[in-house]
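Note that the chains are named A, B, C and D in the order they appear, and that numbering of residues resets to 1 at the start of each chain.
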Amino acid sequence: MNNNGTTFLKMNNVNVFYDSIQALKNISLEVAKSEFVVLIGANGAGKSTLLKSILNIQAPKGSINFKGKELTKLHTDEIVANGISIIPEGHLIFNSMSVLENLQLGTYHGKKKEQSIENIFGYFPILRERKEQTAGTLSGGEQQMLSIGRGLLSDPELILVDEPSLGLAPKIVNDIFDILVKLNNVGYTILLSEQNAKKSLEIADRAYVLETGNIVMEGQADDLLNDEEIKDAYLGGSI
Amino acid sequence: MSSTLMYFLGFSMTYILMAWSIYLPYRVKHLHFLAVATMAVTSYMGGILSVNFGWSFLPTLLLSIVIGALISYLISHTIGNAPTFTVVIVGITFVFIIKTAIENTDYLGGTIGLFGIPVLDHPLIILFAFLLVIGYFLYRIDHSRIGRAASVIFTDENLAKSMGIKPKQIGMLFQTISGGIAGSAGVFYAFFVGSLFPDFFTFHLIGTLMTILFIGGYTTMWGVIPAALILRGVPMILPSSIASWRLLIYGVLLVAIIATKPKGLITKKMLWELLKKRSGS
Amino acid sequence: MRKYVAKFILIMLLIFAFGSMTFAQDEVAVDTWEIHFLNSVTGPIASIGEYMSWSANYAAAKINEEGGIRGKPVEIVIHDTGVQPDKGIEEMSKIVDDVLVVMGPVPEAVIMAAVPLAVRNGLFCMTSSTSYEYTVEYFPWTLSWYPPTEEKLPPVTELWAEENPEMEKVVQFVEKWAAWPGMAGAHTIGLNNKNVKVIDVEVPKDAVEFSSLVVKALAEDPDGFVLTCNPDKAGKIIKELVNRGWEEKDNILVFSSADDTALYTTGGDALNGISIYNYIDPDSENERWLNFKQEYKEDHDGKNPGSLATNYYDSVYMIKEAIEEGKLTGDPAKLAEERIKIRDYCRNVENFKGIQITWSMNEGLPTSKPIFLFEIIDGEKQLIGKSR
Amino acid sequence: MEFFIAQVLNGLSLGSIYVLLVTGFNLMLLVAKIIQFAYPQFVVISMYATWAVLRATNNVILAILVTIVVSIFLNLLSEPIFRRITSIKGTDINATFVASIGLSMVLVEIMSHSLNQGFPISFSDNWVGGSVFRYGIINISRSSIFAWVGGIIVVVAFFYLLYRTMVGRLFRAIAENRHVAKLFGIPIFKTSIMSYLIAGLLGGFIALLLSMLIGTASPWLGESVALKVLAVSIVAGLGNLKGGLFVGLALGVVESVAIGYVAGSWSNVIAFVIMLIVILAKPKGLFGAAVE
């Protein structure tokens, strides 16, 4: 679990409020280096909020520790500079800018800028072909690739991936998940939030289950995959 | 009653009326400075009607309300749900055009101004009665379905649309009423002051009305009342050497209030709590 | 309770009796003569307002050095109206019940808004900086410092036309503000009398850049120019004319209201050789004037007094004379009566010794006041002639 | 024809100034999310700074430096106020507009009360410069050449910055979607400060060019200019940088040509009437608004 004797990511008793509504309740969660952890839960369970609280976008109360640093005291850009990046829901990118410019923006916190963009083109050759094109004109899958590529460019150690399958065709979803596995294999730590429980449990090491802002269950992905309750609530023969 | 007090009250009430005409459309985020242009139009119309055609006050007032509402109604077809700054610039542009038109029309006195308008014998009583009527009218609108719909539009126009509220209809309605109130304010100004000057209806008036509205508070119709009384009253008792810095003080107050209490001194919430306390005790 | 009331009445009666005794001897009832001045020291004419306040205060200081008015010091109380009519009414309403006389208001817009209030309350306004046309409406509660525009101005443009007989057609830059279009009309009358054709070009009030306007004027192919617009606009237009190659400088005439510091700062060297008229004789050898000018320059970075600078100086002195000649007391009980005394004195003063010239008034109108025509050389006015 | 050409040339000089002003205004609108109505007032105060330095030292280089520093300083000084306002929950961009009107009132009052006793200031002839080329009534002055060339250089430099540098990409990213930019770790605060800085730099250049072109400044110069800048931005589409270039230049030309053919005071109305018609017909502007 430990790297250099310190925890990698550790959330302790985190609460998040939107105005008077509590979106996250006493969340405690750990992710070890090089681990692939998935958050599953229904729409509105608080998965996205949890990821955003790590980046201090939804101001969290409690403690979030990353490699010995307290994240709740840092601004989002400082957190990103410390090695966490997010691949947001709905493959958000800057539509009016070119593919290349989106990637260049991604390198803002990165170190070897030119070289890393070449690396991304290695992962996603299609982006090299389209690099002068306006990002808004890409297909959904290509936009997701761009979004992932951009997320890698800030030299992150931990990648937060928010609902990557949303609104994409099953074939493309498979591709995206393959990429995530590949990234995990080369050493990136991944915290994935995903509604598609079956597929994500199949590729993850560990999982947390969220319900209305609470963590209701946690464990090894394989165990959860076979858990009756989980089967009923989230797998329910859907896929 | 001393002249000072009478003019203080008269001007304050006129400004409350003017500020109300800006307040209502701001319920749906429209800074409707077309109202200022409307005041210019109806005050001059009132002046001409009374000086050259011998009209008395009441018919002039009624006509000006109709004309004021009509102007705003016509324009509201295009800016009834336009973005805030489009409404702002349309209003200011109209103010500028109307002012230039007056300045270049000798019949209206040009840059010299129009004067000799017979002033009201008992302006304060008439103004006060009229304020009560308009105040009651505004109160009813604020506390009706339309008023509540306006509050939703103010917070989130898309949410309002999803609830079946039609922002354009409400925007048009408020702009039209604003035009009517502004129309009456123009005539009151003319019959209270007795002379008209094109430079009055400019940026300066816009700035003053904004100061009154935002310092008093735009979430409730009551805010402009103390604001008008204080902002116009305090400079009257200050020595002239300080009072001549009035606009600077307005400007500082405006920035300060937006940076600390952006909803103004008097807010709806505050009034609610006051009301609750009273009924509780 | 009743006892107190009785006592109170008794005391009041005593005071009243004592008071009327002294008043009967026309003794001054005030410690200081407060002269209220409705001026515009902020807003678009703040710079003119400043020097008018300065000269009123200067006059008061001089009077106090010389022993005051009927032995009591005089104090000028400035009210700022910022050129806003409603502010003017407010300021007028503060004083209309109490004061003996008021100087101003300034300028025309405020006069028309606030003077009716003074008229209703029988208060005389020394409107000493405005054209006849704006004040005649309120006679006898105002006076006109200048003769009617259409009588006083044509002679001076005639004089200018005589000095430059080669001119057949001139362009007049007119800014439509207050009395200026009327003055422009009067300029035209004089020039037409000398068979000079006048083409008016209107100057927008909010113009900041004048190349387009000057191109338009030059396209008329004129022999000269008259500038009836605000001082810094006049300066800029002349500069633009010179930049575009205009050489006959004495064929440019600037009207009196533009004879102000801003003209000289914006016009600079381009003004060299142009003509200008006003009511101040800068070569006057009157000692009071020389002192005035010197102190004015000391307080204003060495700039010369503007064309309206002496008006309220003279007005303060005229009020002083009215109080002294009429043996006024300043007693509130006699307010209405003394207000009328001041009014009638000022409106019909004879051989009033102004800071530069001596003149008389007849029913609120000056009977003899010259206009001077100058040429500007190195920023100083050199007298060419005098009308009337 | 000669007459028309002369008027168009005049209009282009004035138009260059409008273009620069509206560019600075739009930049702050896009990046800092404020309606900075007082921006032209900062330019006017910077002109007072130019004037004061020239009068005291007659040193042109010092005057240019001081003008730019003053302009940047004023813009940066306003940043905490606007940041404070935009950070209050439940406020929107309207609040920044109201506050900037307040700021504008304060600046006008300070200028009319305290600077040069309220008198307009005037720049010396060797600052303004004379005529460079003359043909009939066509006249090209040194200052209009500065306005054209300066305008082009500054606009090209600005667009280079916007499209070819990291700072420019950060600006455009925040302009397109502030929320996403924040998610991606773009430093909103630092970039926003940067936009004030660049608007300030731009303002300094504008002050210099304007002082040469019109040769004077008065406390009331900023008010009418501010109105036109807001109008240009809206006619082009709020925050539309490229549209602003076109409409700003067009306004200058329309104003000049109108003066040539219409009586004085009405000429300004023509420009406003045209803008009004455009706004009423297309409330979101000719080229589409970049912000709501």
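To be clear about the criterion, contacts are C-beta pairs under 8 Å (C-beta built on N, C-alpha and C of every residue); 3 or more make two chains touch, one makes a residue touch a chain.
In this text, all values refer to a predicted model and were calculated from it rather than measured experimentally.
J.: Just to be sure I understand: going only through chains that touch, what's the smallest number of steps from subunit A to subunit D?
T.: So the least number of steps between the two chains is 1.
J.: Identify the chain whose mean C-alpha position lies nearest to the mean of all protein C-alpha atoms shown.
T.: Looking at where each chain's C-alpha mean falls, the closest to the middle is D.
J.: Comparing C-D against B-C, which pair counts more contacting C-beta pairs?
T.: Between B-C and C-D, the larger count of C-beta pairs in contact belongs to C-D.
J.: Could you tell me the distance, in whole angstrom, between the mean C-alpha positions of subunit A and subunit C?
T.: Here subunit A and subunit C have centroids separated by 78 Å.
J.: CA centre of subunit A versus CA centre of subunit B: separation in Å?
T.: Inter-chain centre distance comes to 53 Å.
J.: Using Cα averages as centroids, what's the distance between subunit B and subunit C in whole Å?
T.: Those two chain centres are 36 Å apart.
J.: Indicate the whole-number Å distance between the mean C-alpha point of subunit C and the mean C-alpha point of subunit D.
T.: 38
J.: Return the residues of subunit D touching two or more other chains; collapse runs of consecutive numbers into ranges.
T.: Each of 109, 113, 263, 265, 268 in subunit D touches at least two other chains.
J.: Residues of subunit B touching 2+ other chains?
T.: Residues 103-104, 244-245, 247.
J.: Touching pairs of chains, which are they?
T.: The set of touching chain pairs is A-D, B-C, B-D, C-D.
J.: Help me check something: in the complex, which residues belonging to subunit D touch subunit C?
T.: The touching residues are 3, 6-7, 10-11, 13-14, 109, 112-113, 117-122, 124-125, 128, 130-131, 134, 137, 139, 141, 144, 213-216, 218, 220-221, 224-225, 255-257, 259-260, 263-265, 267-268.
J.: Over in the complex, which subunit A residues touch subunit D? Could you list them?
T.: 52, 55, 57, 75-77, 79-81, 85-86, 88, 92-97, 101, 104-106, 108-109, 150, 154
J.: What does subunit D use to touch subunit B in their complex?
T.: Listed in rising order, the residues are 35, 81, 84-85, 88, 90-91, 93-95, 97-99, 101-110, 113, 223, 227, 230-231, 234, 238, 263, 265-266, 268-269, 272-273, 275-276, 279-281, 283-284, 289, 292.
J.: For a test of understanding, state which residues of subunit C touch subunit D in their complex under the given definition.
T.: Residues 42-44, 46-47, 50, 174-176, 201-209, 211-213, 215-216, 218-219, 232, 235-236, 239, 243-245, 261-262, 265-266, 268-270, 300.
J.: Quick one: which bits of subunit B touch subunit D in the complex? Just the residue numbers, please.
T.: 29, 31, 75, 78-79, 82-86, 88-90, 92-94, 96-97, 100-101, 103-104, 203, 207, 210-211, 214, 244-245, 247-248, 250-255, 258-259, 262-263
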